[in-house]
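Structures given as structure tokens follow.
Two complexes follow with chain A in common, the first pairing it with chain B and the second with chain C.
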Partner chain A sequence: MRWRLIMPVVVVFALIVMLGYGLTRNPSELPSAFIGKPAPSFDLPTLDSDRERITDAAFQGSITLVNVWASWCVACRAEHELITEISRRTGVPVVGLNYKDTREAALRWLGRYGNPFAVVAFDPAGEVGIDWGVAAVPETFVVDRDGTIRYKVVGAITREEMNDTLIPKLRQLKQAS
Partner chain B sequence: MIPEIGHFALFLALGLALVQSVLPLYGIARNRADCLAVAAPAAIGQFVMLAVAFVALSFAFYANDFSVTYVAQNSNTELPWFYRLAAVWGAHEGSLLLWMTLLASWSLAVAAASRSLPREVASCVLAVMGAVSAGFLVFTLFTSNPFAREFPAPAEGRDLNPLLQDPGLVIHPPMLYMGYVGFCVAFAFAITALITGRVDSAWTRWTRPWTTAAWVFLTVGVTLGSWWAYNELGWGGWWFWDPVENASFMPWLVGTALIHSLAVTEKRGIFKSWTVLLAITAFALSLLGTFLVRSGVLISVHAFATDPTRGIYILAFFAIVVGGSLLLYAIRAPRFDAGTEPVAALSREGLLLLNNIFLVVAAAGVLLGTLYPIFADALGMGRISVGPPYFNKIFIPLTVPLVVLVGVAAVMAWKRTRAEVLRSRLWAPLLVAIVLGVLLPWLALGTNGIVAAAGCVLGGWAIATALEDVFRRMRGRRVKLPRGVVGMALAHAGVGVFVIGVSLVTAFGSEHDVRLAPGERASLDGYDFTFKGTRHVEGPNFVAEIGDFIVREDGEQIAELFPEKRRYNASGQTMTESGIDAGIFRDLYVSLGEPLSGDAWSVRIYHRPFVRWIWAGGFLSALGGLIALSDKRYRRRERAAKTVPADTRARVATAEA
Partner chain C sequence: MRHALSLLLLLVWSALPIAFAQTADLNDAQLERYHELNAELRCVICQNRSIAESDAPLAKDLREIVARQLAEGRSDDEIKAYLVERYGEWVLYDPPFSWSTWVLWLGPFVLLFVGLVFVIAVMRGRYRAPEPRPPLDRERLARVLKSHEAGPDDTDKDRS
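On to the complex of A and B.
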């Protein structure tokens, strides 16, 4: 038996461990970084035009849902209708952060699937995404009216997650004020 | 009653699959010819049982038997009968039944061809396939029974996923699965080689046609999948790097590598353990594809039912099958490569080695991108999605050199080729390719650019070199060309056609999103689209708004397109059916977005030059594989097989005595 011939077994074993772990993961578990901290500041053009800009000042005074998305992101497509639904059911405005995308593709995507966003910040280089700790898309943040991040969902929102945590969370924040 | 017959047939199939796998392996270990002889009849019996189950489920769909839960979930009385039959593989349980039925068909084919193989080899191959089949049967019967009943039966079914109500779906999954499952034959041959310890030219001659056949099916399946996505998803794209697409693409890449590596092993007797490893990997990736699609660990536009127990079962099965065979490989493979000679860089085997490296690295890249979200999750980096930016970045640099190599394939001789030979034969195709690269986009589309020209030169290179070889061989000779040579030339030309299609649609494809009210016009790349309005139409199981668009070029009407927005009655889902004017040099593609205020609609218009060439290339390659498959060499194998493994026959003879 030669060691190089054992390599495939080792690789496959590692793969199986990873996949097994992937199966056991609960997608709604949330990482704790950023929660309870002020939303990182930013100043970006909007998706519609380079002349209009949006900054973190937009969060002052109302509870906001921030959704990081991209037109190339398959998971974003899956959660898109839920984002629309959350906004409709809670009345909370959704600010989009379009991440590492092109204007053309992003606008076409919104045209295709509908636009639930009050406004979309355009971040083609992903710089603001880095400040917000976005490893990849989609990610969704609940930002309180003083600009503090209250909750974060990494990955696509599921329907259970929306019904069981996100919507109650948003309603609770709304009532608290 | 009929679903119960199907259910019972599945149990019988499981019993036969166990017999098919256990007894022959015992026979090999103990040299018992009577045990070996069981394999073929068991395979035939298993096929019959699975066919009975498949027909039973099809009938339940045809007869709208909603007491069968699976039928109730995936069909509807309003669904046209052909979609009701295709709905058999519209979701998880039925897909598995299709998978197993096709596996049994391959086993049947092996059993039918087994007279030309030494009995030990044929029985061992069937035993391995039986074991795989048994694993899937257990999975189906205990976690995903398609015949489960539900009382009281619902009055109406939930309907087939509207995305799947497309003619492409009727043939795409069976083709894809034929390819996936077909690699099980190559896998079974590889395991047989490891068990018997022989990888000789006879072994490769038996393995090659099966591998090529599986590859042809997979090529057609992947191509049809791309076509379906283009027609049905309404984004004007032909490949989305979706996990489910990648799941079919990875075995294709490794299968392509396997076909080439088998050629080297047959002709030169080298790369033996590599070939065996590729055969195992191709099937492992097919299984992995099943796992990814069925377990729900990845989010996908194709999202099917998700259920963790199923995922765990498939993963355990994967671990046993792939882990076990790789362990066997680690123990037995060292004997294969004793005393091989070094490979010259300028030789066909050197070229094919490079080809294999590129293909396998590409497959590894796709695998990494597909699984990265799972890795990231496991390492605590969150659940994420890796998009086309990654895949395009890794994939293009890997495919370009591969296509350059394709052109050299026919010219390169085994063992060693002189550089002058390459030069004297390749300058003409290169010249043709350059002329084509400059002229083709310009003549067909009236424009050109660096990406387009480079892509056309590359594609033209693959086509011209393939044709050069065929013409040179035909010149001055009356004998017919070997089918293998013609097949290879066609397959390689198909790659060229594909590359031209991809580069031109990427370079010159354009789209336009526009708000149109009836009577308004929009123009794109010199085509003028007039929106005449929409009308309301009721389909068998949906209601639709059908748009009417007149397309004019230079004031003259060239097409009238009818894109649809459908709303399916049972599920309430809306679907876009694009209106497409297909052509050899360009597609015009209109799809309806959302209704806006008044009678206006948001409309997307696409101009897709040469997009058909992408699928034409895929089908051409598959045709090449089919022609290679009909080569006389494989039909002669009967005689060859009888002479080679004399020792096996002797052993079996002693056992019989």
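On to the complex of A and C.
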């Protein structure tokens, strides 16, 4: 007879725990389909000139940070100085993927805020963005020496994320060789 | 007024080819599949909407991809696989049955079963078979009937 009294309490408690756990999660953060897989191939002109091209072969042989950005993206402006800082502190080159932008606006943006990128691929139609599973800019990928994607940040990088996750991850990958 | 109306008609008429431009290459069967697929694919930015419902630029891009691949003669499964490869199983409103989705598929039935068991348990407790009736006490019955016949209005008098 006692279980009749206890059961509702147990059920309600279990519900509270489950709903509480649900609150700690961010539903807009999707599990990435790319971790541990080779970076999608692409062949794009660079932001500087239509005659220069950059392909996924650029990732071979060095750890690379790939940052998808656009001049119209407010959050990209927010993480911009952190991208610069990560590159400076770890020595990892950053490849930019300029997404659905115009050359003029993108170059002006880099001129105004500084250019942390070793090279920027220019993707005005956003086709390569779709191949990379980009839902919204900014997104940042850690690409290993063999061209495998090791980590992905959706949205603007925060200082905590940079210090606690990204930089340790990059250093660890560097040491692994 | 008539001028305004005809101007409006002209506007709508000239806008039509733009609205259907991306699906122009599709035949009727493909167009039907196009609409079905769009309704089954989830928009990755504007969550809880399908790409058919969403106005987000990415949803528009994805609709274009669906239309293009249909025109190229790809099957529904191939198109879905193309998008899953990029955005994960999350883009499917009907995710396939796998180890990570079994709770999603079987959960409701498990809950239904648990609920049924609970209801049956409660009902059994509540509607227990009635206590067996005590044997008829004929002597007492005779006594009661007799007293009633003697003065049928005794009790009613007090009330009126």
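As a convention for this text, the second predicted complex is superposed on the first by the 146 of 177 C-alpha atoms of A that agree within 3 Å, B and C clash if a C-alpha of one lies under 4 Å from a C-alpha of the other, contacts with A are read in each partner's own complex, and residues count from 1 in each chain.
Note that contacts are C-beta pairs under 8 Å (C-beta built on N, C-alpha and C of every residue); 3 or more make two chains touch, one makes a residue touch a chain.
Keep in mind it's a predicted model, so treat the numbers as computed, not measured.
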Contacts of A:Leu19 with chain B and chain C, given as first, second, both or neither: first
Contacts of A:Lys100 with chain B and chain C, given as first, second, both or neither: both
Touching partner for A:Ala57 - first (chain B), second (chain C), both, neither: neither
Residues of chain A touched, compared between chain B and chain C (which is higher): B
Which superposed partner A:Gly111 touches (first chain B, second chain C, both, neither): first
Partner chain in contact with A:Ile130 - chain B first, chain C second, else both or neither: second
On chain A, the residue positions that both chain B and chain C contact, one per complex: 27, 31, 100, 135-136
Chain B contact footprint on chain A (complex, rising order): 1-2, 5-6, 8-9, 12-13, 15-16, 18-25, 27, 31, 70, 72-78, 100, 107-108, 111-112, 114, 135-139, 154-156
Interface residues, chain B side, partner chain A - complex: 234-235, 240, 242-243, 273, 277, 280-281, 284, 291, 295, 297, 299-301, 303, 308, 311-312, 315, 318-319, 322-323, 326-327, 329-331, 333-334, 371, 373-378, 380-389, 511, 513, 593-594, 602, 604
Residues of chain C touching chain A in the complex: 44-45, 47, 57-58, 61-62, 65, 84-90
Chain A to chain C touching residues, read off their complex: 27-28, 30-33, 40, 100, 126, 130-133, 135-136
